[in-house]
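Each chain gets a letter, A, B and C, in the order it is written, and its residues are counted from 1.
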Amino acid sequence: MNFEWQVISNNLFFLMGGLVTTFELALIAIAGGLTLGILVGMGRLSTIKFIYYPATLFVNLMRTQPLILVIFWFYFLMPLILGRPIGGFTSAVIAFTIFEASYFAEIIRAGIQSISKGQIDAAYSTGFTYWQAMRYFIIPQALKNMMPSLITQAVVVFQDTSLAYVIGLREFLRSANVVDAREMRSVELYLFVGLVYFIVCFSMSQVCKKLELKKGNA
Amino acid sequence: MLNYDFKWSILWADPYGGWILEGVVTTVKLGILCCIFSMLIGVVIGTFRITQFKPLRIFAEAYTEFFRDIPLLVQLFFWYFAVPSLLPEEMRIWVYQEIPDFEFWIVVVGLSLYSSSRVAEQIRAGINSISPDQFNAALSTGFSHYQAYRYIIIPLAIRLVIPPLTTEILTIFKNTALAMTVGVLETTFMSQQVEAYTFHGLEATTAACVIYMIITLIVVGAMGWIEKLLAVPGLIVRKGANS
Amino acid sequence: MKKKLLFSTILMVMLVFTTGAIAADTLKRISDSATFNTGVRDGSIPFGFHNDKNELVGFSVDLAKEFHKALEKKLGKKLAFKTTVVNPKTRIPLVANGNLNMVTGSATHTVPREDTVDFSVTFFLTGSQLLVKKSGGYSTVKDLSGKKIGAAQGSTNEKTIRNLNKSGYFNPSVKLVVYQEHTQGMLALNNGIINAYCTDGSLLAGMKSKVKNSDDYMILGEMLSYDPYAYILPENDSNFRDFINEQLIRMFVDGRYMKYYEKWFGANGVVPFPMTDDFRTLLKLQSWPL
């Protein structure tokens, strides 16, 4: 079995283009998912039934579904709702944001619950409203506490972007596939793809470990 | 606004209903097989990770990091398209032709290995969370190392680890959906197949969503029943942070 | 309580979805959005594929550019030319739900598909064939009995193989492995995972020409089905369909079509595929008086 590594160097520019798309998709999904997740996480702790039940329903529904199915669902559904066509990237972003938000919501919820009640009582007694207390005291502390879990989830999102493959999005894995179809060098290409993903995710998880150690005990 | 012609009847029309049912059976088979294999391998790797013997520990750590940091889809593609071409010619022909349902079994291999690393991680966390006092108490009462593990630590670990393992089993079932990309006729694949023949993608995909919901409910129910079955009266089992 | 809530929510969602397909006005949509959004194929050589420079090119891509020019002239404004890559599974739903204005690829015009979308006049004639490795020693299609044949999900070729299995043509029946697209099937054939790949003859010729070890492959002669290619158009949009048909007929008549045909299917083309007499007659007979 002879390896032809030049297939990677020859197509490096094209492959890197796919990697850029992957990063773009991941960053937008993480940012959007986190924002939506904070809202849903807060909703999960709300005493208002009107907010609590939809939030709980949303989280539990999303967690029963495979992401690949959610991607297909939004790909069919989005144009119907919006009444006009949208691109693969946009529908992937929407699907990822909504899906990952349910996971971020659970992490945030645990984070908020881990903060002692004394904090919010102190905030109220100093005259802050609920939203101000959340914005300035609770959420920042929750985020800091849950940073390891959040980073782990971010790594998961980064890996999940490879699933956008099924709607033809030209991200990293699909770029490798396109080159593979022409060059027929599956082993080299998929090893390369695996290596790049490994480097990115491994470094992130190392950062995560350092954070956990700094915090003391999780 | 919703410019779409809904036709829910395709879901139970013949032959589409039969296809979806076939898909569900395949998903369940795939899920159960992967659960069993990943548990077996995961327990082994998990114990390697806490053992005193350094080489085994390093191996287990590398194993876990490797499978966790590469997306499952990339791993499946690698197993399906790349690995067999590394085998010598005769073995390759045997693998492709003699094994019925090659696609199914290669996904079992890929998904089991991937999931085993996650199971190993849960088991390690579970065993680590058991206070060393338990172990010391066992030793001081005259148990040997092996006996302490077999009669005290492992049973305790199993009960501790059931909630995160439930999540893991659900994840395995959800990950079976990725098998569709290499031609395995499971639920997601069949929903897309129905879509390809009838062009009613929304109905077909919704049906698949409902099916996964039902599978989740069954798994959660079953694990809850197992937990009750194994419960030791008076034993306070701390719920994991990800419940 | 939670289960009841879930159930009632689902019921509510279901009731919200009303039925009814409205006639689309694609020309207006293109004009309003100032974009001509067409689906193209990737890996369908030479109708739509990535060349060595990784640019998306092809016979249908060229014809799409002609449509774009004609649209700009008709609507009297500059239009953006947007291409979206589709595969046999997504091409019809994307036109049916309005995501794309049309698909300029290599789709077979069949009666069942007419339920969901409309088609232009036939612009290409071919049929299902099998691509095999010479080392397999197959000479007729029946030799593949009991072996593994690959096809793309949702394509007519997949249905052809299924029907052949059902009718007992293959004895013992072949194992059909369904992939998401042609590139995966080609990979599988190359690595020996399947013994043959089934798709339209012209596509097979294209796939064979693109691959590095082209001489290892051969196309088995028998045509397993009749595949007239047409462009996929939105359902119930007469105006747009008339417009596209008019453009195609103009191209048949004034020689632009033959120019592109020579470029891609001629002797020096990417896929040498001589035009059969039937094909030539078909083009002539479809050219309604302008």
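Just a few scattered comments:
Criterion: a contact is a pair of C-beta atoms (placed from the backbone, for glycine too) under 8 Å apart; a residue touches a chain by one contact, two chains touch by 3 or more.
Everything quoted here is computed from the prediction, not taken from an experiment.
When chain pairs are compared by contacting C-beta pairs, A-B ranks highest. Among the other chains, C has the CA centre that is most remote from the centre of chain A. The mean-CA centres of chain A and chain C are about 34 angstrom from one another, to the nearest whole unit.
Here the CA centre of chain A is 21 Å from the CA centre of chain B. Counting only residues that touch two or more partner chains, chain C has 93, 97-98, 180, 184, 187, 191.
Contact with two or more other chains is made by residues 2-4, 81, 85, 180-181, 192, 201 of chain B.
In chain A, the residues touching two or more other chains are 61, 76, 80, 83, 166, 177, 180, 186. For chain A in complex with chain B, the touching residues are 1, 61, 63-69, 72-73, 76-77, 80-81, 83, 106, 110, 155, 159-160, 162-163, 165-166, 173, 177, 180, 186-187, 190-191, 193-194, 197-198, 201-202, 205, 218. Chain C makes touch with chain B in their complex at residues 16-22, 24, 88-89, 92-93, 96-98, 113, 115-117, 147-148, 150, 153-154, 175, 177-180, 184, 187-188, 191-194. By the touch rule above, chain B contacts chain C in their complex via residues 2-7, 80-81, 84-85, 92-93, 96-97, 100, 102-103, 180-183, 185, 189, 192-193, 195-197, 199, 201. On the side of chain B, the complex with chain A involves touching residues 1-4, 65-66, 68-75, 77-78, 81-83, 85-86, 170, 174-178, 180-181, 188, 191-192, 201-202, 205-206, 208-209, 212-213, 215-217, 241-242. Touching chain A in their complex are the following residues of chain C: 2, 5-6, 9, 29, 33, 37, 42-43, 50, 52, 54, 84-87, 90, 93-94, 97-100, 180, 182-184, 186-187, 190-191, 210-213.
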